[in-house]
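Letters A, B, C and D mark the chains in the order given here, with residues in each chain numbered from 1 onward.
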Amino acid sequence: MKKALAIVLAILIFIVFALAFVKIPFGEKMSTYPHYYNPITNQTSNMSLPQHYLTYGKNDTGATNMVTAIVVDYRGFDTLGEVTVLFLASTGVGSLMYVENKVKKKVRRSNAVVETGSKLLFGFIILFGAYIFIHGHLTPGGGFPGGAVIASAFLLLYLAYPKFHAKHEKLSVSESIAGLTFVIVGLIGLIIAGYFLYNFLPFGLPTYLFSAGVIPLIYVAIGVKVGSELTAIVDSMMGVRE
Amino acid sequence: MDALTLFGIFVLLPLVGALVSYFGKKYAPIIAVIFTGISGIFLYLWYGNFGSYTIDIGVKLNLTFDITTWFFMLMMNTVIFSSLLFSVSSKLKRAGGFATLMLLGFAGANGVLLARDFLSLYLFWELMSWSIYLLVLRTSGEYARRYLLFGVLSAYLLIMGIGIIYYYTGSFLYADALSGAIPHAIWPWILTFLILGFGIKMAIVPFHVWAPYAYSSEQPFVAFLSGGLSKLGAFGIFMSMYSIAGISLLQSFGTFRGVSLMGYPFALLGAATAFIGTILAIFQDDIRKLLAYSSIGQLGYVMIGLGLGTPLAIGGAMFHAFNHAFFKSLLFLGAGAVIYRTGKYKISEMGGLGYRMPFTFMFVLFAIFALAGIPLTSGFISKWMLYEAAISRKFVIVAPLMLIASVGAYLYSYRILYGVFLGQLKDEDKNVKEAPGPMLAAMFILMVPLVIFSIVPGWILGWINKILVENGIGKLNYTTFSYSSAIGGANMAVFWIAFILLLIFAMLMFMAKKARVVDQYDNYLAGEAPPSVALHAAHNYYKPLRDTWAPLLKHSIDRAYEKFSKFFAGGFYEIKRIYTGNPQDYAAYLGIAFLAFLLVGWWLLW
Amino acid sequence: MIQYYYLGSIALIAIGMYIVIAKRNLIKIILGLDIMDTGVNLLFISIGYVKNATAPIENVPGPYVDPIPQALVLTAIVIGVSVMALALSIAIGIYKKTGTLELDEILGVKK
Amino acid sequence: MIRPVLLIALPLFFAFLSPIIGIWSKKGVRYLIIFATALNATLAGILLLEALQKPVFDIIGGFQPPLGIVLMVGPLGAIIAFIINLVAFAISIYNLKVEKEPIVRYSMLYLLLVMGSTGMVLTGDLFNLFVFLEVTSIASYGLAAYNKDKKGYLGAMKYVIIGSIGSTFVLLGIALIYSQLRTLNMLDIAARIGTMDPYVKIMAFTSLFLGFGVEAEMFPLNTWVPDAYDGAPHPISAAFASLPAKAGVFALARVIFTMFSFTNFLWFVVVMGLLTVFFGEIVAYTQKDLKRMLAYSSIGQMGMIIMGLGIGTTLAVEGAFYQMIAHALGKALLFIAAGFLIYAARSGKIEDMKGMARNPLIGIPLLIGALSIMGMPPFAGFYGKFFILMGGFSQGYYAIIALFLAASIVEVAYYARFIKIVFERGNESKVIRPDAATYVPLIILAIIIVVIGVYPKPILTVLQHVGTFIAGGA
């Protein structure tokens, strides 16, 4: 009965969405996009929003990767929120998985191949993660994927060494410092230019590593933060082992 | 006088008093008495100093101080002053809270009387309403709950009426209601909502079931509730029928023997109230309940007068409201004094207290005369006016019901008189003392107007006449000592002279034959010990009458409400099952809601 | 032209909805939520698609696709991950307290 | 001159700081949170004064909207933000009563809940609104389960499921709008909403409306409410009723008025509001558990607010906003009092709380809160309810208002039943005195309720700008 209802509901939802999306063109040229309108100056622009980003993005932010330019600079506030969400998740998981009377579980050691292999890989994975977030403004990737890669290195350690245990205090301190960096960078922008999260450093030359002002700085902070947060989530979910 | 002074003295001062007296602890009633005294003094000084004002507290409150307001404020202020004075010595628990709430209710009542726009009316109405609620709550949560439900029902009926007016006029002012924006056919709806809304506060049938419970709370408060606050219902009905709508509009709905068809049904309702209230009062053994039903019945008279709408009827209603304010609060205070001294509520358990509490007895006696409408008290004049108003237009239902109710009033008054004050003193009451001074003073204050206005009804009829003329209803024929109507009238001077002559005659008779006071144990039962229940006739009083009425008394409106609410509560438990507790059902609701919303939207578009 | 991309992502949303309503296992329900989320993310990406265009990284010659949906989806994915993490840890908590993840049993015990 | 962004940046700063402080002193973190919310409330108050002059636009990152994100703070947004932070401050004092570990994480989650709700109110960007919605709801999920008992976990689970579907819908609505307008700024959307395909437009509206309806406790999306409120720690129940719910309904108002200006569709919103009131109040009547009763009552109140928004006249929307303020204050007060009563009676059942509120320190605030929720003057709840009702009448919604009033009587009935029990005599020996962490927030809230009820002019002066808000302004 419930299944039938669910199927009917799912089909109906599919149909109404399909009916609406028939009206939305797919893969259109960007020149057909509607032009944006600035509500503060009351002016309609002569181009659409994506066009503006693609045309002026390099000058505005100094980043080569436009997605990064949007994520960290144009819509950096969203990213701050996003970082907060992840921080919340790690805090929330930590508080839910918190156990007052620690009952230690028996665990089995894994075999030598896994242990050695993961030891070997650990450094490289960390390096790769760092590469991803440091080059966020130049190449695909950025703080989030980079952080996730770093966390995966720790995950590997958890798998290989059942007794491995990342210190929660250290994780949360690095989390906090990274988060504080982000906020403080934003506040410095507010103090210097009057805009929160203002890109106050020189942009440098496009496509160079030291370019795009504060974007790499923020991305490094995000990378560290995401890495430690995801590790903390994994660690909390693992529970206490011995 | 400017707006702020008026508002300050009659609304803010009691509010400040409320705050101050909360922290006054034991002295709270005294502080409250002082505050009400101050506003009473200003009320006296400002007679004739009328005008209308606007206060802006973010919303505009339109306040008018005129003769109608002044007349009702006079009752309100005297009643609360004496009630609070009474409470000074009645050793209430948490007296601070009591005084605070009384003053809040007083502020609300003054606000209702001053209000000339619906927002402030509703605001103060609700303020008054919940103060009563909390005052009843001091005695019993269950009684308070019953009261609050009806209080809120009353407020919501008012809201319906106010809202309909607002829909058409877009304004909250009373004055704008008659601007012609409201279609003629809508008026009966508005008036019905308003009158029923106000009527609940007057406890008209079938909305009277809260009253016996609420009136069983602490006596000083009940005196104010019955004497003062319930008059706001009368005021509200008067305002909505004769000030907001106006007599010519009422008449335009057709008339029945010169009485508007809009008003006549309410007169019938009033007659039913008077009748039912009185009948039920007769059979009560609890003195508080008896007075409560009596209060319902007496306010029925007021309703009759307001419904009939002739100058004589409205004048009678106003006068009766005025009298009722005094004699009913006096009775409640008297009962309070007796309860305070004996700790008993049941009439059958009391008796002979007239010997122990002679002053209380005397005050209550006057109140009972006024209540029963015995000539020589002002209660007689107001009732007489109402009878004449009904009889002169040949209302064959209203007038007889009134008369029956009046006879009933004699019956229950006599029950109080005999059961409580006369008869034989109970052993345990041998050492009962007279009520303390403040209580006697409070009762005395209430008794004075009853006597004065029975001698010179012209004074009060003068004020009432002014009210009638101001609202374009007509005018009364009156002199200082009498009034006259198409079919008679009454001249108090004649009555008083006759009374004094009779009094002298009675004195002579009394002196001619020596009477002997018989002691309780000066026994005529020849040594047989009498059964205690048989000793005092107040036990099972009016049993034959009750037996006669038994088949009718079985049908109680109270029980009907209970069944009604049970029925609904049962439905609520069915509805509750929507919240199954299963998140998957909830997710399905979300999906269904999405589809429903979307389809309605698309359908509207299409 | 039939927009398969749209239809595919809508289908994911519908499937997710079905799972959430019909499946009785908590983990499956959580996965259903994630599938719905994925469907919306894909939808977002397909909205930003421009025919014959490449990723908006400016050392490759254009035309580029709309970069905004990609940025938004990046945020949305992270949010989805966070919700998943929290939902799973709540599921772990429920398992610790009741010893089962079957919704019927969990709610049945409750009564 | 206060930048609105500080209201978001400073709590974030403190939240990120607290783990570091928590290493040394857990107590320090608790007081840090009180300080942070107090600071935020002060800043919001100053911001309100500024926004009264003219709407404040805070451009973030230095990019003109719609390129960058902009915070858009009109007088209405400012006052809701102010009330949210004020209530958050009061509740943060009551937070001192929470003893369950890990308290540092709890404090962080709470602060971020406040931050998220504030952000939802302040932001002028649709996607940013979604991000803050998620901040709020994820913090709520974590806090709802914080007690780590079965009730808490189940409540949180329900919240997660409904909340995630809701946010999926929000995201979908954003996708639909973006697909047609290629912008995310609310005012930009508002300016060009007419160019959208009408079918897509209604679908976008429905998606956003339902998505935010989950937070705004609209029927039938409010099913998570009783379980989540019931299972959460007491301060968090108070916070749920006053922070995310108000932010959600403000977002709803943004959707209805700022972005979409439907006129022929609003009656349906009124009907949804009415259904919310109806089911909320009726089911509340059947509850035996205090917190569940208050939760359902909260649903009823939110329904009233939604009705006010749907009626859409100046008076009604003014009433809706007044009601938002009054309900935030009143329900927070009642939940704090409920927390005390449950603690004193050692049971959540109303019938076990006989006479527990007879101490004036708890009894008087409790009565003030209950009367305010019932819409009695001179408390804050009066004006909101009255204005909504009159607004409804002025649009001719007679039948709807009559049904609403019937539901209100049910509300009065169960509150009276509750008051009757907690003030009953005969249990004097068990009555205990609340401690400062309980009665200080109660008294703060009660005083505010009375003051803005007796003298509503300051609030009404702010709410006069409701006309511009309805017309699509900030």
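Keep this in mind: a residue touches a chain if its C-beta (ideal position, glycine included) is under 8 Å from a C-beta of that chain, and two chains touch if they have at least 3 such contacts.
Given the structure is predicted, the values throughout are model-derived calculations rather than measurements.
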**Asked** When the mean CA coordinate of each chain is compared with the mean CA coordinate of the whole protein, which chain is closest?
**Response** D
**Fill in**
Two candidates, A-B and B-D; the one with more touching C-beta pairs is B-D
**Complete:** Here the gap between chain A and chain B, centre to centre from mean Cα coordinates and rounded to Å, is 71
**Item:** chain B and chain D: spacing of chain centres that average the CA atoms, whole Å
**Value:** 42
**Message:** Centroid from C-alpha atoms only, then distance chain B to chain C, rounded to Å. What do you get?
**Reply:** 66
**Asked** Counting in whole Å, what is the centre-to-centre distance of chain C and chain D, each centre being its mean C-alpha position?
**Response** 28
**Request:** Check each residue of chain A and list the ones that touch at least two other chains.
**Result:** 2, 5-6, 9, 13, 16-17, 24, 33, 49-50, 53, 75, 78, 81-82, 85, 88-89, 92-93, 96
**Fill in**
Residue ranges of chain D touching at least 2 other chains are 127, 131, 134, 138, 141-142, 145, 148, 157, 161, 165, 179, 182, 199, 203
**Fill in**
Where chain B touches two or more other chains simultaneously, the residues are 581, 583-584, 587-588, 591-592, 594, 598
**Request:** Please name which positions on chain D make contact with chain B in the complex.
**Result:** 157-158, 161-162, 165-166, 169, 198-199, 202-203, 205-207, 209-210, 214, 220-221, 223-224, 226-227, 264-265, 268, 272, 279, 282-283, 285-286, 367, 371, 374-378, 382-383, 386, 389-390, 392-394, 396, 398, 401-402, 405, 408-410, 412-413, 416-417, 419-421, 423-424, 454-461
**List of chain A residues in touch with chain C within their complex** = 2-3, 5-7, 9-11, 13-14, 17-18, 21-22, 24, 26-30, 33, 49-50, 53-54, 57-58, 64-67, 69-71, 75, 78-79, 81-82, 85-86, 88-90, 92-93, 96-97, 138-140, 142, 144, 206-207, 233, 236-237
**Residue ranges of chain C touching chain A (in the complex, touch as defined)** = 1, 3, 5-7, 10-11, 13-15, 17-18, 21-22, 46-51, 55-59, 62-64, 66-68, 70-72, 74-75, 77-79, 81-83, 85-86, 88-90, 92-93
**Item:** Contact footprint of chain B on chain A as seen in their complex
**Value:** 2, 5-6, 9, 12-13, 16
**Item:** In the complex with chain A, residue positions of chain D that touch it
**Value:** 3, 5, 9, 12-13, 15-20, 23, 57-70, 101-102, 105-106, 108-109, 112, 115-116, 119, 127-128, 131-132, 134-135, 138-139, 141-143, 145-146, 148, 176, 179-183, 185, 187-188, 190-192, 195, 197, 199-200, 203
